[in-house]
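So the structure is just underneath, and the comments pick up after that.
For clarity, chains are labelled A, B and C in written order, and residue numbers in each chain start from 1.
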């Protein structure tokens, strides 16, 4: 006869979360207090509010001359350059990340080497984008070329991580099956591995491209080409209308690219 | 467990079915004109087929969309492959971008030694710089923590407003989503630059920038999650006589809490690295030091900054990964 | 006591769900409502706890008139005495079984308590006792989504019991369960009805289950009651009248006689 539990016994069996909850609250609380101590709210000076107001106002009335022209100084040209920087940079990063990813995958090189791989990639990722930008500016001089190299190198980090996730997910069964049909190594790669990875690779690359367009807009700040330089110049000269034009350029392009990219990625996810 | 391995060829067939393109099978009896499901061949090729054939001709494939005839007379049409077309488009775009960005490979290779020169100098860090750098490093952590926290708290209610299964009012739904995508478009650094103009240099501007950024990405992640929630339990609790808010927190919150916490931790991970950059425009933290040291070409100091940042990022990422695994 | 007095329900889009219904149900009865889908079964039940509003006639539940004036705090207080069990269980999957049952007590707590899930010890004991009554006490701390369909429905029943209602409404409670589990759940309903003297009104898709467990059967066709009497007197011609057609396999839970023995 099974001994039936009584209600009282069940009550005592309650999983006790109290310790975890109290600990979490303590940690979060102390971190919050510590953080708040460092952040002193500046006495909101009149100038600050005025500036924000001017910026918001000029967003409604940007420099249309710049916005709708095809001259080199015009926003469209600059955004085109920015997007090109992002485009080539993404391709560069995607290509460079491939071998790195294979090296860093546990099912290809084993635990130790993959760990080293991931560590090195994390190291590369730690370099802030603009530090890389400055470094490349020393190599190629200021301009979009430096931007491409920077984006390329900066993308490697994230792309490798995403690639590794896909690679470690490979279904070994397909490779075995191909083996059974007598395929050689090249064929196994072509028909066994590549189809499984390609959809994810493309999706990841497109996602990274989206992010890189945003990064490329910033690079102008360090002189690596693109709309960033115009933006920062306009802002330091307090030329709000010009700055607003640049901002609108960024907003529109990023929205469009995000839209297209989401569409493509959704199709990729559903069709395969 | 592994003694019932299916035939590898079955596995292959199964997997290929998922990865290959969809083949069209047309039975032999399809000599008669079009049936309801279009499983027959039309005498005159459609315009779209003609275009596809032309493109296929121009790109790598053979003349026609390939047709295979099986032993019993069934014909199989291999569908139009998009791959060569995609490569063509990518190639064209690359060439255009190449020209626009003035890439000069020769220049690159001749001057590349500068890059390695810099890296080489970074390999011997100046440890005494540590004491100067630790302050701003802590600032960066504080900035990103507070920013993530506040951003996350603000994101949740707004996420509910942008979730189509919670907010029925189309105007509210649409305008919230639009506002969110606007906020998401601008990069953090731009926000930081603008905010420093308004609030002066320092950590405050940076924190606000991080709040905005976290708010933007977290609310998107959350509303996509909220839309998958099961509202049945909500109705059931309402039927027991609980008020709407109570039913809400009892039935819906538990369903989204795990992903909310998980995504918030993930945002914190991302924010640490962004917070490091913000100093470049003067929004406080370690970015200021990066700018300063790079300008003076003190690469050995830069190395220290990178090492410190690496340690912090690595630790936080791993703690976050561990916690996130526990949450699911 | 529940009293329908010439009650009718027309939806805003014009559909007439109930034409004119009059009946009385006393405390402690076990009533099954049968009929075609769309005949008005679901509507009848949902009128009782005002998930839908009455558009014609008077509905009185335990001395409360259920009309448009019953809202806000009074409606909530009213609903607390009526429990509802759904076909799709409507549990919170990722939470433990006991938390699901405790959710029934939320109506009695204040907002802060419900936000943080601070249930009193008495609440927890009540919840455990409810689980005991449906026979799954040992699963109290398991995640709800890990249970089988029948077990989940029993948790839903336990949640209803924990409310301490005087009436339990069940909207197709066993329609998504397999025959054996359905039997177990219906037995739980019968036990709750007998031991706790709670009125049970169940919408049943399967005629044999309805006849087996309910003492009284109400047959609805096209928005009117065509039969209201003891289940023992229901025969095939009566069923034909209620359904407007012959009884098919779809309307029966047990296809073979052997399964009936379970």
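Keep in mind that, in the parts below, a residue touches a chain if its C-beta (ideal position, glycine included) is under 8 Å from a C-beta of that chain, and two chains touch if they have at least 3 such contacts.
The structure presented is a predicted model; accordingly, all values stated were derived computationally and were not measured.
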Relative to subunit C, largest Cα-centroid distance belongs to chain A
A-B or A-C: which has the larger count of contacting C-beta pairs?
-> A-B
If you average the CA atoms of subunit B and of subunit C, how many Å lie between those two points?
-> 46
Counting in whole Å, what is the centre-to-centre distance of subunit A and subunit B, each centre being its mean C-alpha position?
-> 6
Go ahead and note the Å separation of the Cα centroids belonging to subunit A and subunit C.
-> 52
Contact footprint of subunit B on subunit C as seen in their complex = 49, 51, 75-84, 86, 88-95, 99, 103-104, 106-107, 109, 111, 114-115, 117, 156, 159-160, 163
Which of the residues in subunit B end up touching subunit C in this complex?
-> 230, 232-233, 235-243, 245-247, 249-251, 253-255, 258
In their complex, what parts of subunit A are in touch with subunit C?
-> 4-5, 7, 10-11, 13-15
Complex interface listing, subunit C residues touching subunit A = 121, 124-125, 128-129, 132, 137-138, 140-141
Subunit B touches which residues of subunit A in the complex?
-> 28, 31-32, 34-42, 44-45, 48-49, 51-52, 55, 80-81, 84-85, 87-88, 91, 122-123, 125-131, 134-136, 138-140, 143-145, 147-149, 171, 173-174, 176-181, 195-196, 214-215, 217-218, 221-222, 225, 231-232, 235, 247, 250-251, 254-255, 258, 272
